[in-house]
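Here chain A shows up in two complexes: once beside chain B, once beside chain C.
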Partner chain A sequence: MKVTAQPSADTLTLLLDGELDASSAIVLDTELAKPDILNYRKVLIDCAKLSYISSAGLGVFISHLQRFQDANVKLIFFNMQEKVFNVFEILGLDALMTIVPSVTEAEAA
Partner chain B sequence: MKSALRIACSRVHLQQVRDFVRNYLTSRQLSEVAINQVVLAVDEVVANFIIHANSEDETQFLDLTLAFDQHDLNVEIADNGDTIFLPGPTPNPDFHAYIQQGRKGGMGMALVNRLMDRVEFFTRGNHTVCHLSKHLA
Partner chain C sequence: MALLSGALAVGNLLADGSGGTTPWAIWLLLLADLGTLAVLVKLFFRPSAAPASATPVTLRESEMLSLQRLAQIVQRGQTSTEVYHVLLDSAVATVRADAAWIDLDPNHTGTDDTNATQYYNITPAQADSLRAGLRAHPLVEGEYVTNDLNRHPSFVGTSQAFRSVIQLPLRGLHFSYGTLYLLKAEPGTFNREDLSILQTFTGQAVLSIENLELMQTSLANQRTQEELKIASQVQDSLIPKNLPTDNWFEISSHSLAAKEVGGDFYDFLHLPGRRLAVIIGDVSGKGVTAAFHMAQMKGIFHSLMQENPLAKNERDKFPVPSKFMAQANAALVHCLEKSSFITSSLYIIDYEQGGFVFARAGHCHTLYYHALREEVFYFDSTGLGLGIIRNESYEKHIKNQFYDYSPGDVMVIYTDGIVEARGGSGTDEYGEDRLKLRLEESYFQEAEDIKNFILADLNGFTHGHPIHDDQTLLVIKFKSAQPLPLG
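And then the complex of A and B:
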């Protein structure tokens, strides 16, 4: 699992590459836990190369959501593969998180 | 055709488990979503055995067996450790509460129950075994 951060003005884009499981979730958790992340207005999660997510990966996002909301930081997922979106859908998390098709919608959200 | 894998109880082997399940299912005409659902269910149960039942003790090991009966996939995950691990009834996760609490866990078995047709944990001697099954047409 590789996480690449691309900051630009008030937006931080995190590109996820690989499989997010109980072994690799710590890499993402470390990135989302950085205090500086709350200085951005939006954090965009580019899921184009995210090929797998388990409950451990979902848990990392859930555990930071309140902190982001309290700081008025929007968390937006985009470019999600169908099989990964299906995992959010099965648990009903697609209704609680902002998931949009492309970077254009993510930037406009 | 049956396929088997033995792994030590370390979460670094989860990738190997997923690849094993994917490779086994590749010969079937299944969608990526269907394959991923089975891979995820097995990954969740194996992660629970590794982390919660065996505290990541690498001297312990798990045995996985995959077999098709017509269109029904049967998965056995046998824990060779001596800790009996029988998850109780799984409540539906309350995500509003989880978000407020900043909670990371508590949804793995809920996922497994939604992904598979049948989920059973039982004891064999002093070991725990999990059986999963799913109809894959």
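And then the complex of A and C:
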């Protein structure tokens, strides 16, 4: 999996490309664990090319959730494929995380 | 004695026949096994071809014994320190060295703790000075022979206690193990045969070290395998073997771990008042870590499902599923790593009321056949997995759902290892739709047959693909029969 970071003024967009499983989770974790990520107001996760997410992949987001909330950084997912959204929904994460249809809503959030 | 002269002759034959380049592999082969040697002696040895007067290169008895000692160390299960010790002893004796030492490579973590240098007849300080001088001008590939140390650039014009020096690396297939140094006081005392026999010794020593390490690695692996086997047996004992039975339901279960141990679990508990608690769960991740949490979850289930003596009425004596999940979540906060979570569903089925109540904590949706409506569907309920929110606000994210059942209804409870099992091109998943179709085709059968029908289809789908996640499948069928008399 490839993680591309696109910083702009107060927003960091992370593009996820490929399958997010136990092995690729480390790459994403490294990105989310960076201390200066908390300087952004919003972190947008572009899931357009995220084809699969395993429980280890979900674990990465879950482990950083509280830290982002404490620092008042909004974590917003968009462009999520239906299959991937189902995984978030079954686990109940859709009630806990902001998941919006497209970049327009993500930027407005 | 005949054998010994045979060995002498073979030594001659090989040394002469190869024009000075000694075929080490053949020597080692010969020396590794005296039986082989005897056979080869019979094949090659002709008394007339070995005149007693011609003995340019001979393999002496003591050298042979040294090589044998090196080879046998491995079989006797001794340590690498002993190998180095025998190597030093044999080398010194064979070339009649005045002093010697072996440096062991600190970069190679040997299986012994001893990486200490072994010295013979030389002080560490003397060795330090020689080592430093030789290293200052490294020559070909670490192997170096001089019969006059005073000509070495580092030692020109100095007075040296040892004039003849052999430096031989102990090089294996993957590692450099160290360096052997042999010294003589007089100049011009080492010859080509000395170097040859020493190369054989170091070759055999390295072989022995490598074999020892291989043996130790395989022993360690074997121990790990044994431990895992025990873990697997312990975990197996946590999975209920005797499924609850009564006239009013049938239960059939299946579980398969992707590795020796897994993170799936299920359990049952009879509650007073003809009620049955059924729990299923899936710990994120696989293997040993998941197995620990699985065991923990089983413990939480049994400790929370205890009768509360302070309860005001019969129905409050046991926690309702949502309460159970909130309490389990609170208990797990202290032991679950931040990136781990557990999904679970708890059902409390009540025969007298003809219904059940359940809470779904992020677990797979329950598949259900409704006999009166003749319809198969997935329960659509919300609920957050355990260990995701680590404070009291979790209670807001879990709720109970009540449902009345009718005789003939079928409930299929499973973990994601079933619906996410891979087949076809390797990226296709078995899926909820296919599972639903199978229940539509089999709901009228007994619970055991429904389970087998689904598993057969699943196995057909995943055929040839390794299972990559633990699989659990429970089928519960409600019956119209009267319950067995109480007591």
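Following the convention adopted for this analysis, the second predicted complex is superposed on the first by the 109 of 109 C-alpha atoms of A that agree within 3 Å, B and C clash if a C-alpha of one lies under 4 Å from a C-alpha of the other, contacts with A are read in each partner's own complex, and residues count from 1 in each chain.
Keep this in mind: contacts are C-beta pairs under 8 Å (C-beta built on N, C-alpha and C of every residue); 3 or more make two chains touch, one makes a residue touch a chain.
Note that the structure is a prediction, hence the values are computed from the model and not measured.
Visitor: Record, for the superposition on chain A, whether partners chain B and chain C clash or fit.
Guide: Pair status: clash.
Visitor: Should A:55 be classified as contacting the first partner (chain B), the second (chain C), both, or neither?
Guide: After superposing on A, A:55 lies in contact with both chain B and chain C.
Visitor: Look at A:63 in the shared chain and tell me whether it touches chain B only, chain C only, both, or neither; answer first, second, both or neither.
Guide: In the superposition, A:63 touches chain B and chain C alike.
Visitor: Look at A:11 in the shared chain and tell me whether it touches chain B only, chain C only, both, or neither; answer first, second, both or neither.
Guide: neither
Visitor: Considering only touches as defined above, state whether A:98 meets chain B (first), chain C (second), both or neither.
Guide: neither
Visitor: What's your read, chain B or chain C touching more residues of chain A?
Guide: B
Visitor: Taking the superposition as given, does A:23 touch the first partner, chain B, the second, chain C, both, or neither?
Guide: Only chain B is touched by A:23; chain C is not.
Visitor: After the superposition on A, what does A:82 contact: first (chain B), second (chain C), both or neither?
Guide: In the superposition, A:82 touches chain B alone.
Visitor: Thinking only about the overlay and not a real complex, which stretch of chain C clashes with chain B: 132-140, 240-248, 348-356 or 420-428?
Guide: 420-428
Visitor: Take the contacts of chain A with chain B and those with chain C, and give the residues found in both.
Guide: 22, 55-56, 58-60, 62-63, 65-66, 90-93, 96
Visitor: Which of the residues in chain A end up touching chain C in this complex?
Guide: Counting only chain A, the residues touching chain C are 22, 29, 55-56, 58-60, 62-63, 65-66, 90-93, 95-96.
Visitor: Would you tell me which residues of chain C are touching chain A in their complex?
Guide: Listed in rising order, the residues of chain C that touch chain A are 284-285, 338-341, 343, 361-365, 382-385, 388-390, 397.
Visitor: In the complex of these two chains, what residues of chain A are touching chain B?
Guide: 19, 21-23, 52, 54-56, 58-60, 62-67, 82-84, 86-87, 90-93, 96
Visitor: Quick one: which bits of chain B touch chain A in the complex? Just the residue numbers, please.
Guide: 11-12, 14-15, 18, 32-33, 35-37, 39-40, 43-44, 47, 50-51, 93, 95-96, 98-100, 102-108, 110-111, 114-115
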